[in-house]
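By written order: A, B, C, D and E. Residues from 1 in each chain.
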Amino acid sequence: MARQIGEVIVDLQNISLRFGGVKALTDISFNIREHEIRAIIGPNGAGKSSMLNVINGVYHPQEGKIIYRGEERRKMEPYEAAGQGFARTFQNIALFKGMSVLDNLMTGRNLKMKATLVEQAFFWGRARNEELEHRKKVEEVIDFLEIQHIRKTPVGRLPYGLQKRVELGRALAAEPNLLLLDEPMAGMNVEEKQDMCRFILDVNDQFGTTIVLIEHDMGVVMDISDRVVVLDYGKKIGDGVPDEVKNNPEVIAAYLGTQH
Amino acid sequence: MTAHIAAAPGADYLSINNIEVIYDHVILVLKGVSLTVPKGKIVALLGANGAGKTTTLKAISNLLHAERGDVTKGSVEFKGGRVDQLTPSDLVRQGVIQVMEGRHCFGHLSIEENLLTGAYTQSLSRGQLNEQLEKVYHYFPRLKTRRKSQAGYTSGGEQQMCAIGRALMANPEMILLDEPSMGLAPQIVEEIFEIVKDLNARENVSFLLAEQNTMVALRYADFGYILESGRIVMEGAADELRNNEDVKEFYLGLSSAGRKSFRDVKHYRRRKRWLS
Amino acid sequence: MQFFFEILIGGLLSGVMYSLVALGFVLIYKASGVFNFAQGAMVYFAALSVVGCMEKGAPLWLALILAFFIMLLFGMATERFVLRKMVNQAPISLFMATIGLTFFVEGFAPLVWGHSVRGLDIGIVDEPIESILDSFGIVVSRFDLVAALIAGLLVTGLALFFQYTRVGRALRAVADDHQAALSIGIPLERIWAIVWGVAGFVALVAGMLWGARNGVQFALTFTALKALPVLILGGFTSVPGAIVGGLIIGASEKLAEVYIPPVMQSVFGGNFGGIEGWFPYVLALVFLLFRPEGLFGEKHIDRV
Amino acid sequence: DEQFFPIPSYRVGPYGANGEAFYGGFVDYLNYVNMKNGGINGVKITWEECETEYNNAKGVECYERLKSKAKASAGPIHTMSTGISYALVDKSAQDKLPLAMMGYGRTDAVDGSVFPYAFPLITTYQMQASAIVKFIKDKEKGSLEGKKIVFLYHDSAYGKEPIVALEAESRLNKFNLVQIPVAHPGNEQGAQWLKIRQEKPDYVIFWGWGVMNQTALKAAQKVGFPRDKIIGSWWAGSEEDTVPAGDAAKGYMSATWNVAGKNVPLITDIEKVVYGAGQGNVKDKSKLGTILYNRGVSAAVVSVEAIYKAQEKYGKGKGMNGEQVRWGLENLNVTDARLKALGATGLLPEVKTSCSNHEGSGKVKIQQWDGAKWVPVSDWIEGNKSLIHPLFEASAKQYAKEKGITPRDCSKEK
Amino acid sequence: MFYREAGQFKTSYGADQQILPIRQDRIGMVVLLAVAFLGVPLFASEYWFSAILIPFLIFALAALGLNILTGYAGQLSLGSAAFMAVGAYAAYNFQLRVEGMPILVSFLLGGVTAAGVGILFGLPSLRIKGFYLAVATLAAQFFIVWCLTKFPWLSNNSSSGVISAQKIIIFGHEFSTPQEKYLLVLGIVVVLALAAKNLVRGNVGRSWMAVRDMDVAAEVIGFRIMRTKLTAFAVSSFYCGVAGALYAFCYLGSVEPDGFSLELSFKILFMIIIGGVGSILGSFIGAAFILLLPVFLDVLLPAVSRVLSLPVDGASISHIQTMIFGALIMFFLIVEPHGLARLWQIAKEKLRLWPFPH
């Protein structure tokens, strides 16, 4: 394999998160290494999505530390996380429904645009150059995901699977170094999942992007991830390479069931 | 295309005849779809994203209007009578209920209240209601533990269970299930299909289910239809479909060499089209 | 001090009058997620119907009953010709449709009943209660007390209805998601007809009291403007919120009107009265900064 | 020939009921002139209405629309709204169309040297305020010293116009003036009246409009303030205000520049001639003889008189254009004799205008509501001209300066 | 001529990102502008200028402003008239108090002042959403108008709060006839509309729409919600402010605070809803519709009643008009909740497919 799994970039230590009485996460620790594909699995309501939300600052855990590249991260807002190169997709698609695919992808590049309001109003100077330059980048993403034909379509009109792909594209457009994917393959058939896996692997491969992946399809998880962490009722019950996890009896009991 | 399944005696229960659906006056989505669901059977409606599965189900349950869609041709019959002009609630009273794709729980209501609204058409006594509730909780114990939570704050999977449970509260004879497995953990998926099977066997509930998870769907269904770009391209008994080479390759991810790892699939491989 | 209490009590009581109108908004919002701007126009229409029927010779009680049926009919017609066709549309479109409805009613009501300004005598004089005036030196109007009583009854009834009945629950479900409500068989048409009927009834009560107080005329539609801050303060979805919000707004605006202008005058010079017009809104706004969903409103759920 | 009247009127909206009565009377009189006399010296009167809803922007829109039809001939334009007339003052002068503001609008437009095309005929808010003070003073046996008067007003251009005058009066007569504004629309006056109750004034001068009027009367009743100590402006003194207030209105007084009732021969004649022929403009005949109806008739009477006057100068039997009518309005002389001939004795005061005085009268009556009708309780009272006129003359001068207008020299006008 | 794009290939992203990518549309726009600048002044009557065209342009500008806030950034506001008032009064005062202030700069500063006030009243939007925000913007509506009546300095101590706009003189030329005013307004509106179009298709526009469609996701992507919303309030109020200044200077000539009533705010809201929320074109169509409809009804109804010789009195006609106005609004919302601009778009889509139905 060409890519080299590197240092720990995000280290989560003893994270606990509560919503009123509901304990979404209890004392969870695990880490994410550079360039790896890290899967999070677990039954419904286990706290997987909440974990992602903690990582990119949507939720602030009551307890625990997040170490980012060796330094403890202070409480940060999602846009700051974005500034550090975190991008993500959502479990319930969170595309901007009223915009075209192209515009959705362009939003991914907002942090790199610097033109002022007035420049933009007159589409002049920096505004014009930026727009064209970033359009080029976005077109690369479009090519990569093979969504050329729907470039100008409002995303609301797209079928579910394509929306998922566009959402991935939006995250990619930001050229992230950490990509958080929340069930990117839910609601897809096998063929579409295969495509999606291909995209994820290629991103990981070509750009070295670190990926955190939540997924319920064990085939996918076992095939493409490097390490898997298993949550159940907010607690960590397993962590390791796929084969280890697959044979962990606790994981089998809580999540996989007997069929797998 | 018009070839009907050799249906069980008792004839067609639900049948759709050659319907065409247009959204927003311009977007033609279904181009003449016909299918039937015999009484007491489970029929799977398969197909890629955007093939029109959801649209078909909504055309049956009359929820299309709410999306500015229109059935412009064809008809829908249930128990021998046309139902395309009924309101959704009349249809529910007749026993046909749809579980919508994407959960659609009532976010501000608690899980239990969500379930109770499902029994709206049923005029039940307090006792009967509780019984009904217990039945649902029996199927989905997870819901019981979250019964007092506002549905909007429960996890994706919990909401999915809530939506299915809510439909069960209406004691339906026929359920249109749209992607029940989406976002559910594997063992819950199995559970849900077990529940489907159970209801089907014990209470003779018929199902029309739109699914992406072809593997599971075909395992539980009696018949299957495959929809592509708004047309039915293949139909047959479930085991027949399961053994069809094309279906195997494109919907089950199995080739003659068995299951391929997701890691090894090449992305230049393009789908074969039956129609184009 | 006595003056202060007088203002306070007067404010609380007129707040109740606002609550009455706010209640109509809450009902419809809670049950369908529609922000019904036409509530004010409905108050006008209801009051006009009462005096209209009376002019045709009906005694008050009969006029009230007739007006009730008229409002019921109106509610049903609204559902049939407008709302039904707009199921599942964006809230703002529905909101605009109700503004359209407002215009319609503002033209329709006087066309039918005539538009001269009329009085409405419901047999309660709006004079200070002597006994209170004598013993405390405070003016409390009998009329306002009656209004408060009626409002209290309405609120209790409606609150119970929403929380504990099958229909009440269904109404709340509809507000969350029209399409899902349809999918499980809640008959939106009927539900909406019911709600609009009830809202019509509330409008009738409000119209009767406001009409008796200020005369029956076009300006009754402005009662809506008094109700809006009450509404956001109490929370769009809360029946008790409407009453509490009304009390807070009523009392504070009166106190503000009396006590703030002199202060401003001493700072800027000039005459600063008339702050009643905006004070409730600013108060509500400040309030919202701390509780964005109002006192008793439902929290907005947004999750990823 | 024809004489066209552009009428930007309002019959819907919050003040629709008032507009209906006023414009009903106005149009009825025009019709009456046509039916009874075959027009003005044979010139048939035509008119077109446009609904303004008492809304400024709509008023301007209506004006523009009607203006194009008023090229050949144009009667005075009555907007019955201070706001709209403010917006039209400049435009009408530019278009050479006479703008009548009978009992409303800019007080300083009395100065015809600066405002050649604007006519606050008969009387203005400031003169009215002064007249009311005079009335009170008479009641108080000639002295207001140490008295307290509350001025309760609609917080708009309308309500604020008289403030200067009242302040001047309070300085002159040494009474204590307390100003209390009411926010539009004025359907809540709890706080204001409680404050009045606390202030215990001797009188309340009341400048309300629309729903504010009934509400005030009801609120006064609620706090037990005697109604016969409240004196309203002439826009707060019509049946539309008192009837809905019921008992609460009894004893309330207001100013007016026209009387109510059908005992004016002209009104009965209109009823006979116009309504007899089924050509009446108001649907609800009970409006005939009300304050606002009669006011509409008086407005029409003065307008028609101006056209007679203009025809005298520019040619009998011809339609008069805006400029000519303007001259007519500026040289009005409606004497009691003339009023008598019209059957309008006592309906309105005598009017005599000139270049420097576009008001022409400045007289009001005080009337009182007896529970069923308005009864005049005074004769024509003239405000304190020497006090008030300098006030608006100064204001007019300032306006001229701001706008770069060179005032006409009135001594050169004939 | 067929309305097709066939045969028009884009060879650069620049070309693809043009405002009007289809050639027929571009030609149409040029023709439209030529007519507006050259044709109309030749043929329109004075009535058309001062009663229809000027207010149309001004309202379209205000609607554009509101559309930026409500349509693009998703913040429902009922206070646009107040921001117009700020613009009008600010421009008036700049003219009045600063010697030799060029009028166009006054308009601009009027807009800037309104933008400042807009930001102030936009602050609550960070916490308050939806209808709560809408009602809260009423605070701006009532408070601002009240301030303008209460601080006489703002209206140069006019006893009634009414201001009369100064003369419009640009480079020594006085714009006094309706025709000249029309051209001035048209010029300003065209420039600002173009700027708005540029904004909404650029990064700011995308940030607005992102926050509108899903604020959490927008923040996760890196947009700062606060800055985005406040920019929207500022730009929107700027447009409303300039519109207000034009309203006072080029249309009414004199205004009073009460003229900028809630009713006016609603009217502007109507325009964008009927025209199309989130559409620049929609603002224009909406303004035209809302302004012309009453005029049309005014002319039509009496005519109809005369033809049918129905004995309807003036008041009834007015009432019927109000009814029809309301009914039509409901009708359009039912037929196309996304507004007339959307209908136009659908028509174009159909035309593209023509003669095939789908």
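Keep in mind that, in the parts below, contacts are C-beta pairs under 8 Å (C-beta built on N, C-alpha and C of every residue); 3 or more make two chains touch, one makes a residue touch a chain.
Predicted model only: the values in this text are computed from it and were never measured.
Touch-path distance (fewest steps) from chain B to chain D is 2.
Taking the mean Cα position of each chain as its centre, A sits at the greatest distance from chain C. More inter-chain C-beta contacts link the pair A-E than the other of A-E and B-E. Rounded to whole angstrom units, the spacing between the C-alpha centres of chain A and chain B is 29. Averaging C-alpha coordinates per chain places the centre of chain A 73 Å away from that of chain D.
Rounded to a whole number, the gap between the C-alpha centres of chain C and chain E is 31 angstrom. Our note on geometry: chain A versus chain C, Cα centroid distance of 48 Å, whole angstroms. Of all residues in chain C, those that touch two or more other chains are 106-107, 110, 115, 271, 274-275, 277-278, 303-304.
Contact with two or more other chains is made by residues 49, 58, 90-92, 94 of chain A.
Contacts with at least two other chains are made by residues 11-12, 16, 20, 155, 183-184, 283 of chain D. Of all residues in chain E, those touching chain D in their complex are 45-47, 50-51, 55, 146, 149, 156, 159-162, 164, 166-167, 251-256, 258-259, 263-264, 294-295, 298, 313-319, 321-322.
Of all residues in chain E, those touching chain A in their complex are 13-14, 17, 195-196, 198-199, 202-204, 206-207, 209-210, 212-214, 216-225, 231, 235, 278. Listed in rising order, the residues of chain E touching chain C in the complex are 70, 76, 124, 127-132, 134-136, 138-139, 141-143, 146, 149-152, 215-217, 220, 262, 266, 269-270, 273, 277, 315-316, 318-330, 333-334, 337.
For chain C in complex with chain D, the touching residues are 3, 6-7, 10-11, 14, 106-107, 110, 114-121, 125-128, 133, 139, 141, 143, 210, 213-219, 222-223, 226, 253-255, 257-258, 271, 273-278. For chain E in complex with chain B, the residues that touch the partner chain are 346, 349-350, 353, 358.
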